[in-house]
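Here come two complexes built around chain A, the first alongside chain B, the second alongside chain C.
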Partner chain A sequence: MTAIGTSVARADGPLKVTGQVQYTVDTQLPGMLHAKVLRSPYPHARVLAVDATAAAARPGVVVLTAADLTNLDHAFGVALRDQPIVAIDRVRFVGDPVAAVAADTPEAAEAALEFIDVEYEPLETVMDPEAAAADDAPVLHPVERPRAPMFVGWPAERFRGSLNVCSGYHVEQGDLDAGFASADHVFEDTYRVPPIHHGNLEPHAAVASWDHRGHLNVISSTQSPSIVRLQLAEIFGLTENQVRVVVPYVGGAYGSKVYAKIEPLVAAIARKAGRPVRLVLTREEVFATAARHACTVHIRTGVRNDGTIVAREVRAFYDTGAYADTGPRASKKGGYLAGGPYRIEHQSLTSYCVYTNKAPAVAYRGFGVPQVVWAYESQMDDIAARLAIDPLELRRRNLIRDGDTFVTGDVLRNPGLDEALEAVAEAGDWGSPVPEARPGFAIGRGVACAIKSTSTPSNSAASVRLNADGSVHLLTSSVEIGQGSTTALAQVIAETLSIPVSRVTVSLPDTDVTPFDQSTISSRTTFSVGRAATDAAAKIRQQLMSLAASQLEAAVTDLDVDEGSVFVRGSRDRSLTFAEIIRRHFGSPAGSLFGDSVFQTRGGLDPLTGKGKASATWFYSAAAAEVEVDLETGKARVLRIATSADVGKAINPAQCHLQNEGSMLTALGSALFEEVVYDAGQPTNSSFLDYGMPSLEDHPLEFHSILVEHPSEDGPFGARGVGESVISPVAPAIGNAVAAALGGARVRELPISPERVLAAVDQQPEARA
Partner chain B sequence: MQPFELLQPRTLEDALDRLADDEEARPLAGGTALVVLMKHALLRPERLVNLKRIPALQGIDWSSETGLRIGALTTIREVEQHQAVRTWFPALAEACHVVANVRIRNLATLGGNLAHADYQSDPPAMLIALGARVRIRSVSGEREEPLETFLVSGYQTTLEPGELVTDILVPPPTAGRRMQYLKFTTRSAEDRPCVGVAVSLGLEGTACRDLRVVVGAVSSTPVRVAEGEELATGKVLTPDLIDEIAGRAASAVDPIGDVRGSPEYKRRLVQVLVRRSLLGSVTEVSA
Partner chain C sequence: MTINGRRVSIDADPSESLAYVLRERLRLTGTKISCDVQVCGACTVLVDGLPVSSCTYLAYEARGREVLTVEGLAHTDGALDPLQRAFIEDNAFQCGYCTGGMLLAAHAYLADEQDGDSGENVFEALAGNICRCTGYVPIVAAVLRVRDG
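This part shows the complex of A and B:
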C-alpha cells in the first residue's frame, strides 16, 4: 500500500466548496432561542449596578447577569480561573461581557440589550505590557485567581512587579556575565509585536441545551471538545459524563477557539431559559474574544569575532489582555524558545505574562513563538552585518545539531534544520546577485529559521472499528478545522491495515462517543492522534492475523496483509478478505472488530528551574524572502518567498504544502500590515473594513514550499507535524530583506508598515544610496 | 440588525414618492455600505426603498457630443468593464477596477458610492478630475450639480431628504486628453486607499492647456489642487514644474490620520504620488 506520502484528495473538499457542510452556525434545534451579549464600553471600570428589570420584562426574553452566577463556579480559564461568565464587579476591556439576553430571534435579543442599565465607574487603564508589569501600574485583578487543575503552576511572585504579572517563566544555563565578558561584540535591542486577529471565517458559535436528566449538551465550533467538556463540568458541578460536547466541521480557528470561550455563557443562559440557546458572535465580537499576544522583547546577545554566539539574555513581556487564557502557557513556550535554534553556551531567558486592558490574547498559530523569532532572527542579521559575515553562514556556524542538548535539557534528535535552511537559500537564489531595482526602488533578500515545540505532556485516544463489510471507522475527538486531519488520519489507518483510504471514515467529535483528545492544537494531531490511530489500527491488524491463522490453518508468522486481505506469504491464493474473516469468525456477515489505543507524551518543565522535557517532538523551519522597497513611499512588496519545514514524514504532501502556504500568507500579513489598534483603550479597527488581512493579491508572485523529512522517533511513520512550522520565520525573513534593501536600516516593530520603513530610511540617510 | 420593512418600487416615480412619504426611509442601492452601517447600528432605518428594480436607474450611454451617462444603480464592476468607459475614460475604468475586490464591485453601485460620500474611496476623485456632474431627482423636480460641490464633507452631500442621485454625467474628453488614477494602499492590496490621485491633462502641442489634479481619500472630500493646476496652464510640464505642483498638492490637503497612515505620512505621500501621476501622464504623451 502507498497511502502514506500520497496527496490523497480531501474527503470534505467537494462538500465544503459546494456548501453542503453544516457548521455550528447552521445549527437549529426545536425551541431554540438566540443570545446576544451586552459588552463593556469601557476598557476598565467598576460595575456599580446592573439593572435588567426592563429587559427581563419584555416578552420571551431571558436575561443573564452576575446575579445568576451565584450557584455555580463561574470563573473559567485553562491556566488561571480568572474569567467570569459575565462581569461580576468589574470590566477589564472594551467588549467584556456584562450581561446576556436570549430571545426568539437575534433581533429581539439585540433590542432587549438596550433595556439593561449598567452603572460604571471608570478606572485607570494600562495598555502596555511592560508598564502593566511595573509595581505602580493599575491592577486588573486585585485578588489573585486560582490555578486551573490542568496547569502546572508557575510561581508568578518571582516575576513581579505588580499583580498584573499573572505568570512568568525563567530558564538559564552557563554563566551569563562570563559569557558576555568573553564576547567581542554585544547587541542589545528591543523588538515589538502588536496584537493581531485570527481571521477565522466562521465566528465563534455555540448551542447549549439541558436535557431532562440535567445533563448539558453543547454543540460548539471549539478546537478542544474534551477540555471544554472538562471546563463546563467544573463550572456547573457536573461529572464529565454529564456534559456532551459535539463539534461539527469548524470553519477556521487558528487558535482562536482553543479551550472554553463562549460555551460557559451559552450554557448558563440556556440553563436559566430552560430551552436551547444559540450564540453566534459578530465579527466585532470575535475581535473582542481573541487576539494574538502583543509582545515586547528585550534581547541582548554577545558574539565573538568569528560569529560564535556566546551569550544571550532575553526578557519578553507577553500582553495577555484582560484574562490569562493560554497566556501563561504561550509565554512559557516563547520563553524557553527565545534563544532560538542555536548553540549558545550562556543563556538567561525570561518571559512575563501580563494583564492589560486589551481583549484577551489566546492561542494563535505559533503559540507565543513568532514573537521571539521576530526578535532573535532580526537581530541575527544585524550581527551578520556588523561582523561582515553572510547571514546564512552566520546561522550555519551557530545552528543546533543532532544530539545537542537544548536550554531546557531536551536532547534534540535528528533535526532537519540545516537542511531546511539550505533548501530555502537555494530556492531563493541566496548568494547570487540581487536583481537590479527600478529607479527609486531597492531590492533585498533575507533568510530566517525557527524552532518550535509541541504541548507536552499530552494524550490522545483513538478507537478504530472494522465493520463486517471491511470498512473502517475511526472515532476521535480531533477537530477538522480545515487543516485536513480527517484525510491524514484516514491515510495512516489505511496504510496500517493495507486498505484503500476511501474505505476509512473519520468521525467528528462527540464526547459521548469519541475518546479523549487533548485538543486540536500545537501541530499535534498528525503526531499524537495519528500515532494513536495507527496503534489502534495495528491492534485490529493483529486480531485479523490471528483469526486468519486459524481459519487458513497457517502460523501467524507466515501471514501478511495486503489490499484488504490476509494471505499466506509465498502463496497468495491462500487468502481471506477482511470481510470473509469477520464472516467466518461471527458465523454471519455482521459484527465488528475494534482496537483502542492511547498515545501519551511525557515530560514537562520544572517550575523552579524551567528545565525538564519541554517537548515530545520539535518543528524546524526556515524562510527566504526577496522584497522590493519603494524608497519614496516606504512600501515593501514581497517578490518571492521560499519556505521549508521539517515535517518528519509528509503523510499527505499536498496538505503539507498548503499548510506552509497558509502559514506563509498569514505571516506575511502580520509582517507587513496587520495590527489591532487601540486608542485610549478603545479598539479602532475591529472589523474587516478597517482591519486589513492579506488577500490573494498580496500573495508573492513566486512561492516555494519545501518539505524536509527527518523522521521523528514517536510520530506515525516518522511524522512530526506541520501546522505552525512556517509561521515563525516568514516575518523576520521579510524584515531582513527590507533591511538588506535599505543598507541596514531596520524596522524593529511589527508591522513593517510603509510609514515605519520610511522613518527607518530617514534615520539612516546613507541607506538611500 | 434591527428589523426593517423593504419596499420594492419598479419605477423611479414610485421610489421618489415613497421617499417623500417617509423622510426616515433610506434608499438601498448595492447595500455594501448601508448594510454595514445598519449592522453596526449607526443607522437604524425602519424602512428601506430598494432601487435595484428600477430600469431608469440602470445602464451606461455614451455619445461623443454629450459624453457619458451612467445610471446611478450601475455597479462599479459594470463601469469598470464598459467598453466606452475603457475607450474614452481609461482612468475611470482603473479607478473602479481598484475598488475593494470583485465581489464588492459586483454589488456596489456608482451612485451609491457617491451618495455615501465615504472619503476613503477611489471613484470620486477621478470623477471630479473628469468634471463629472450628478443629476438629482425628487418629487419636486430635477437638478444637476458638479460632483465637486455635491460632496460636502465625510458622509455628507447636498442631497436633501427625498432626493436621489439618478445619473452621473461625464463630459466628453477633449482630443488627446491624458488621464491617470493612482491608488496607494498601505496594507492589503484590497484595502481602501490611503491616498488616491486623479489627474486629467489636456494638451496643446506639448504645453498644458488645462490640468486637473484631485487628491482623494486624504481629506474629508476629494481635494482639487487648484494652485497647482493654475501653475501648469500654458506651460510645458517639466520635471521641475511637476515637483512644484506636487509641492502645492501636499500643502493643499488637510490629511485625516487613521489606521492607514498618519497625517504627516499622507501629506508626504501626496507629494510623491502627484509627482508620479504627472510624470506618468507626461511620459505617456511623449511616448
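This part shows the complex of A and C:
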C-alpha cells in the first residue's frame, strides 16, 4: 500500500502553473462564430412578439428565436422539461433568454442584439417561495411540463397549493402528535437562507458545431458530459452516437455546471449558422444561469428535560427560481435530511420545490442540505441554552450510532460522526474558557454537525487500458473540476496494479471514447468512479496473472503482483514485467489489454412513502468556530475554525484537506455576507463589484481540517467522498458562535450581516451589549 | 510592446483590453477573464513589473512596455520558476483558473520583498486575487517558502 493515503503531487500541476492548461473558454475552432444572448429585462412577462428582421439583415449575423425551433420540443430539464432554449411565449426571470445572435466577433454579436425588437406584457411576479406555493399566487408555468425520463417523480399534486409547487417530498415515522405530547419543551422557529452565487471563476462556456453527417459536436465546461449528451440527443432527435461531448479542464463548478445549461442554445444556433459557435457567459449572465436554492425552513422540535429529542416536524420551501432544474432532487434530499443526524422517534419531514421569478436555482455544493442544517443546528443551540445543557453534550446524547435506521429506512454503518464532532471540539478548545475580548467586542464559540447522502441510484463505468510498455490509461467521463479526480483515480489504479502513480494517465471526458458516468456531482467521483476504476484495473491484473501463469508455468494462485511485475510467490526470480508479459503474449512489444467495469449503486426512495434506500454511502461532518463580534457595528469575524469530515479513507489527504478548505470558506461567505439580492424582481448585485466572495483577508486566522476515516463498505479502499461534507456545518457553527458571543441573541436568516446582528441584540434586551 | 521577453507588434483597436489582445490575438490563453471588472485577479499580468488587471487595462496603454504573463514565468530553458515549483509541491491550486493571476501577484510581491520595499504582508498582496476552490492556505505557504528561501 503506497499509492493510497499519499499526497502525491497533482497530475495537472505542470499544466496549471504554466498556463498551458486549456479550458472551454480557450477553445477556438476554424470559422468559429461568437454568440450573445438577448435576455428578458422583466421578471415575469408575456412575450407578444419578437422581431429579429433588422438584426438578421446585418452582415454576417445569424439570429435564433423560438420561431426557428417550432419543429422541436426544445424545453429541457433533468427533472421536468420546462426550460425552453429561448422564450416561447413567456419570460420568467430577469435574464431569461429570448433570442441569440452569432457573429464573427462577440462585439458584432452584442451590437446586433440591439436590433431585435421584443414586445412584452408584464405579469405579476412572485419572489418568495412560500408565497408562491399559496393557491392565489401568480403561476409561472400554467401548463404542466412532462417529466424527464430519468427523474423518478414525486406526485406534486399532493403538495399543492399552487401549480408553482413543481415537486414535493414527505417522509414520516412514529406518531408526531404523541411525540410532541411526550415532550417537556417545544421549540418552533423559522430559518431562512437567501440565494447565493457559485462563484465559479470560469464562466459557463460551450462551443458547438454540426458536421455533414448531421452529428453534433460540443465542447463544454459541463460537469455532466454523459447526461448532456443524452439531453442534446433528446432535444434534437439524435441518437447518442450522433452527439459528442468533450470536456476540457473546468475552471470551477461547485454544481453550477451540472446537466445542460447553455449547451442546447449553443447547439441550436450553431445548427442554424452552419458553423461552429462559441458562447462564453459574462459574469452577469452566470448570475442569471445558476444559484443556490433560497429556502424557508419551519422547524418544530419537542425535547425532554434530559435533552432527548422526541419529535421533529420540518416544512421546508425550496425556491427553485423560474425553472425546476435539479430543484425536485435537491429539495427531496434536503427533505429527508431535515431531521439531522439524530435519533428522533417521531418525525414528519416535508419539502416543497417551488417556482418563483428568480434565476434558476441549480445544484450547489451540498445539494439542498446546508439549508436545513442551518435550521436544525441553530435550533439545537437554542435548545441547549434553554435546558442548560452544553451544546456538544446535547448533540452527543442524540447522535445516530452504528446500525441505526435512518428515517428513510437506510441502516447507517460505521458512521464517523461522533469522532468528527469530538475532533473539532478538541481542536476548537471546546470547554476551555473563551479568550477575553477587546473592549467593545465579544467572542463566542459554536459547534455543529451534519449528515449528507450521495445520489443513488447512480452509474459509473471505467475502462482501463494497459499499454505494451506497462503504462496505463484510464478512460472515464468524470470531469476534472479542480477536485483532483485525475490524480486520485490514478492513485487507486496504481495501487491495484502495484505500479507507480506516474505510470497512470487519466483521460478527460470525450463521450465518443470515454464510457458513461452519471455526473461529477454529489461527492461521488472517488466513491463511484474510483470503485469502477479499481474493479477495471483488477480485471487487467487478473489477465496479467493468467497470461503469466502459462508463461511462467505456475498456478495463478501461486502468483502475486508487485512493482509492475508478476512473480511466483516465494521465488522472486521467477518474475515477468507487465511489458514482458504483453510482449510474449502478442509476440511483439505492441498491443494493449483492456479492463472494463461498471459500478452501479442501487436504491431510491418510494414516491409515496419517502422510504427505501436513500444513499449508497453517507457523509458525516462537523465544525467548531470561534467568532469575534464588534458590538458597535455588529460585524462578525471568524477568528478560528476547525472542520472535520468522515472521508472513509483519504486516497490523497492533501486534496481532501483542500476540499474541506474550499467548503469551509464558501460556507463562511454564505454565513456572513454572500447573498444574491433582488429588488422588485430585479437582481441588484450580479457583479463581483457588489457580490463579495471570501478573499484571503476573510480567511480565518486559524483553520484546522481534520480527516476522520471510518471505511465505507463499497468505496475503493473504504473511501466515502469529501467534496461537500464540510459545507453544511460551518454556517450554523458560526451562527452558534455569534449567538454565544451575544448571550443568546440569534440571527435566524443568512447572511449574519451586521444589521441583523444589531437587530437580534435589540430584540433580546437581556443579552450582553 | 514586449511580451514575455519577446518584442511584438500588434494592430489593435484602441478599445481592446490587454486581456483580449493576449487571449484572442496572441493566443496566450493563460491569462483568464472571470469578473471583467478588475475585482477577482484572474487576469492579473505584470506591466513593467507591476500587477495590473488586464481585463480593464487597455492594450494601448501597454505600448512600449514590458508585459509578463504566466506563460513567461518559466525560465527560457523550460525549467519552472521556484514559485511555480512551490505551487506544485504545496498543492496551491485546485481548478487552476486563478492560478496564473495568483502566481503573477505573488511574483510581484516577492520581487518587492527582495527589494525590501513591499510595505505589505502576503495576505494584503494577494487579497485582490480570489480563489473559490480554495487553496489559500497552501498558496500562502508556497509563497512564504519561496520568500524565505
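In this section, the second predicted complex is superposed on the first by the 767 of 769 C-alpha atoms of A that agree within 3 Å, B and C clash if a C-alpha of one lies under 4 Å from a C-alpha of the other, contacts with A are read in each partner's own complex, and residues count from 1 in each chain.
We take it that a residue touches a chain if its C-beta (ideal position, glycine included) is under 8 Å from a C-beta of that chain, and two chains touch if they have at least 3 such contacts.
These numbers come from a predicted model, not from an experiment.
Visitor: In the superposed arrangement, which partner chain does A:Pro203 touch: chain B (first), chain C (second), both, or neither?
Guide: Only chain C; A:Pro203 stays clear of chain B.
Visitor: Could you say whether A:Glu632 touches chain B, chain C, both of them, or neither, answering first, second, both or neither?
Guide: In the superposition, A:Glu632 touches chain B alone.
Visitor: Identify the partner contact of A:Met693: answer first if only chain B is touched, second if only chain C is, both if each is, neither if none is.
Guide: both
Visitor: Going by the contact rule set out at the top, does A:Thr684 touch chain B (first), chain C (second), both, or neither?
Guide: Only chain B is touched by A:Thr684; chain C is not.
Visitor: Touch check for A:Arg46: first (chain B), second (chain C), both, or neither?
Guide: Neither: A:Arg46 stays clear of chain B and chain C.
Visitor: With the two structures laid over each other on chain A, which partner does A:Arg397 touch: chain B (first), chain C (second), both, or neither?
Guide: neither
Visitor: On chain A, which partner touches more residues: chain B or chain C?
Guide: Answer, by number of touched residues of chain A: C.
Visitor: Examine A:Thr282 and indicate which partner it touches, taking first as chain B and second as chain C; both and neither are also allowed.
Guide: A:Thr282 sits against chain B and chain C alike.
Visitor: State which residues of chain A lie in both footprints, the one left by chain B and the one left by chain C.
Guide: 282, 687, 689, 693, 695, 697
Visitor: Quick check on the complex: what are the chain A residues that touch chain C?
Guide: Counting only chain A, the residues touching chain C are 7, 9-10, 12-23, 25-26, 28, 198-203, 249-254, 282-283, 481-484, 654-655, 658, 661-662, 664-666, 687-689, 693, 695-697, 699, 703.
Visitor: What part of chain B is in contact with chain A in the complex they form?
Guide: 1-3, 36, 39-40, 101, 184, 186-192, 259, 261-262, 265, 268-269, 272-273
Visitor: Hey, which residues of chain C end up touching chain A in the complex?
Guide: For chain C paired with chain A, touching residues are 23, 27-37, 39-40, 42, 69-71, 73-74, 80, 84, 87-89, 91, 93-100, 103, 123-124, 126-130, 132-140.
Visitor: Which residues of chain A touch chain B in their complex?
Guide: Residues 107, 110-111, 282, 284, 632-633, 635, 669, 672-675, 677, 684-685, 687, 689-690, 692-695, 697-698, 753-755, 758.
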